[in-house]
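Each of the next two complexes has subunit A plus one more chain, namely subunit B in the first and subunit C in the second.
== the complex of A and B ==
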C-alpha cells in the first residue's frame, strides 16, 4: 500500500481532510477511503445536526477555490501522480462519480491560482498539477464511456450511442452521417431537404480519378514490398538445415 | 444536448466538464459580488446550480457578459492572432455574505541555510548591486557632470 500513498487519491483527499479535521498527523489512504463518505455527506446539503461529526467544516464554499493557506506563497507544492485508467477501472460507479467532482474542484482551484498568478505577473507554484488533473479526468471519462458502451451492447446490441448511417455527400465521398434530433419529420424540414445526399453527375469523373489514385498507390505499395522481399531473399537465400 | 419538448423530464448533466475560474475584479465591486470566468456555453441558471450543488454557496443573483478579445495582434509571420473570448459572471451571494479576494502570493522572506549555495549566490548578487549604485556622496548628480 506504500505505492498507493503517492497516488493522486491521497493528495486530494488528504488536503480535503486538512480542511475538515484539523489534525496535523499524516492520514493513511485506507483511513481516507473509509471516511471520505462521511466527508461527502457533509458536502451535500445535509441538516445541521449531522455536522457534529466534523470539528471544522469548510466555512465558506468559496474557500475551495483556493489552496490551503499554508501553501500560499510557496514556490512549489507537492502533488502525487495522476490516476491511471487501470486504477480507475477498479473503482465503483459511485466512487468514480465522486472522484469526478473532486477532480473538477481541484481543477477550478488550480485555474484560479493560475489566473491570479498571471494577474500579479508571478509564477504559479507547480503548474504541472493542471495537466495531471486533466489527464485523470480524461481517463475517468474513458472508463465511464467503456462501461456505458459495454452495457448498451449487452442490453440492446447497438455499437454506437448516437444513431447514424453511411451516406454519400455532394462531393462523392461516403461518410458516416450522424443523425440529429428534430421535433418534425424530415419531409417537413426545409433545411434538411436542401442538403443533398447524392452525388451530382458532374462530380462522377472526380470520384473516378480519386478511386484510380487510391488503387494505383495501393498497387505500387504492394509491388514495392514484393520487390524488397525478393531483394532480401537474394541477399539471404533460404537454406535448409544440413545434418 | 438532447431535444427538450414539453412534458419531458428535467434534463440532468452528470459529471459536468465545465470549469469556473474565480478572478480578481478589475473594477471595484460591491462586497457581496464574486467574479468568475466561465465557458461560453454556460448560462446564468447553470452557474447558479453549479455553485449551489457543487460548492454549496448560496447565490442570490447572477449576471453575465461576454468579453470580446482582440484579433488585432500579429505574430512574427504577420498573421493575425486571436485571443480567445471568454464569458464573465458576476455572482451576488445570498444571506448577506461578503467575499474579499485574498492575497494568494504574499511576500515571504527567503531564509537560506547557513553556508548553502543559494545564500552565497544571494550575497554575491547583493554585492554586485551595491557596486552598480552611484556614489552616494555626489548627492544624486550623475557622472556626466565632470568633477
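== the complex of A and C ==
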C-alpha cells in the first residue's frame, strides 16, 4: 500500500505541468547573441523550443514580445503550473541558466500584453501567467543561491556572500553595515571618512530610552498574549475527549 | 533596495490587528463599506484550532447541528480558518437584493451565511449520520480522518479547482514542459559555480583580471 501511495504521488507529480518549453533536450547550445543571425536568415528556430517556427518576414526579434498568433484575441489563455523549487533542484546549472532567459522573455511578453491591454482599456487575458512566471523565477533564483551558498560555505566557511560588519551608527543603533565596493581605499575616500560609526555624546541618553521602550513593549506584548490566552481558555475550555 | 521595500509596503494592504475579517476579502468594496479604516468593532473570540486538528475540507458533505437548517446535509463550498467558518452550498441562507442601481431594486438572491465549526459535523458514509472525527494514521502511514462511532475512514473530498483544471484531463500547451522532461534529473553536483560551468559550456574565455577593489 505504501508503494501504491508513492505511485499515486509520483503519478500526480508526473501529471504536473510547467509553463516553460523543454530545455533539457538540445543539439547545439543557442545563445542570445547568436539569435540575431537566426532571424535575419529566417531559419528554423533554435532547437531549444519544442516546436519549429517559421517566420514569414523579418521583424528583428520583435515577435518574441508577442504571444503565439493563435492566442491573439482569446479571452483566456491556458497555462500550466509554475516550476517548483524541488523540480528545479534536479536540473543542471546550464539548464537553469537557459530556463532563466526563457522565463525572462516570457515575462517580457506578458508585460507587453498587460501594458497594451491597459492602453486599450481592456482586460488582459489570463493575468495569473505573470505571477506564475515571477514565482518560477524567484524559485530558480533561490535554487541558484542555495548552490552558491553551499559551495562558498564548503570552500571558505563564510556564511554571507556580501561582506559586512556590526557597527554602531550615528543614532546609537547597532546595525549590520553592508560593505560596498570602492575603487580607492577607505583612507583616501573623503566621503567615507565623514561617516560617523560612533554615537555622539548627546545621543547616549536616547539610546537608553529606546532600549527601555523596546523592553517595555516586549513585556507588554508577552503580557497581552498571556491575557488573551487566558481569556480564550475561559471562553473555550479545552475538552479532554476530542469532539 | 529600500525603495523596493517601500513600494512593496505600499502595495501590500495593511489592516489593524483588531480588524474583524468577514466573508469577503478585506480589499473589496463590500468589506471596505462594513469595516472602514478607523472603525472599531467588538472583538470576536475565535476558538484556537491547530492546523493539524482541522478536519473539515472543501467539498466535504456535512450536516448542520443547530440553526435554521438543522438536520440538513450539504457540501462545503468555502472554509474560513480565521473565524472557524464554513459555508455550505444553498444552506443557512438569507435573502437580499444585489446589483441595485437608481430605481431598479436589484436581483433577489439567496446568500449563504457562514456556520461555525462546532455547529457542523462530518457525515459517516456508511449510515449517513453525523459523527465525531479523529485524525489517525493508517498502517501505511497515511494520515486520515476516522469516524469515532464506526471507525470508518472518511476519504478526502474531490473538489474542482478554482481555475477549472482537471489534472487527469490536462493536455500540455506549446509552451508547457512535458512531465518527463520536467522530472528528468540533469544535475551533477560539482565544485564549480554556475558562472564557471556556464562559461565552460559556452566556451567563453575570460582572460581579463578584475581590477583591485576595496570593500568597506
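Assume the second predicted complex is superposed on the first by the 152 of 243 C-alpha atoms of A that agree within 3 Å, B and C clash if a C-alpha of one lies under 4 Å from a C-alpha of the other, contacts with A are read in each partner's own complex, and residues count from 1 in each chain.
FYI, a residue touches a chain if its C-beta (ideal position, glycine included) is under 8 Å from a C-beta of that chain, and two chains touch if they have at least 3 such contacts.
Everything numeric here is computed off the predicted structure, so don't read it as measured data.
Between subunit B and subunit C, C contacts the larger number of subunit A residues.
Touch criterion met: A:117 reaches subunit B, while subunit C stays clear of it. Contact with neither subunit B nor subunit C is seen for A:227 once the two complexes are overlaid on the shared chain. When the two structures are aligned on the shared chain, A:78 is found in touch with subunit C, with no touch to subunit B. Once the two complexes are laid over each other on the shared chain, residue contacts for A:97 go to subunit B and to subunit C alike. In the superposition on chain A, contact of A:218 is made with neither subunit B nor subunit C. In the superposition on chain A, A:144 contacts both subunit B and subunit C. In the superposition on chain A, A:182 contacts both subunit B and subunit C. In the superposition on chain A, A:108 contacts subunit B only, with no contact to subunit C. With the contact threshold set out at the top, residues 97, 144, 181-183 of subunit A are in contact with subunit B in one structure and with subunit C in the other. The touching residues of subunit A, when paired with subunit B in their complex, are 43-45, 60-62, 64-67, 72-73, 97, 100-101, 104-105, 107-108, 111-117, 119-120, 122, 137, 141, 144, 181-183. Residues of subunit A touching subunit C in their complex: 1-2, 5, 12-25, 29, 31, 50-51, 68, 78-80, 83, 87, 89-97, 106, 128, 144, 147-148, 151, 154-155, 163, 179-186, 192, 231-232, 235-236, 242-243. Interface residues of subunit C, counted against subunit A in their complex, comprise 45, 47-48, 118, 132, 134, 138-142, 148, 163, 167-168, 170, 172-188, 191-194, 197-198, 201-202, 211, 213-216.
Taken together, the subunit B residues at the contact with subunit A in this complex read 2-3, 5, 14-17, 19-24, 34, 37, 51, 54-57, 97, 99, 102-108.
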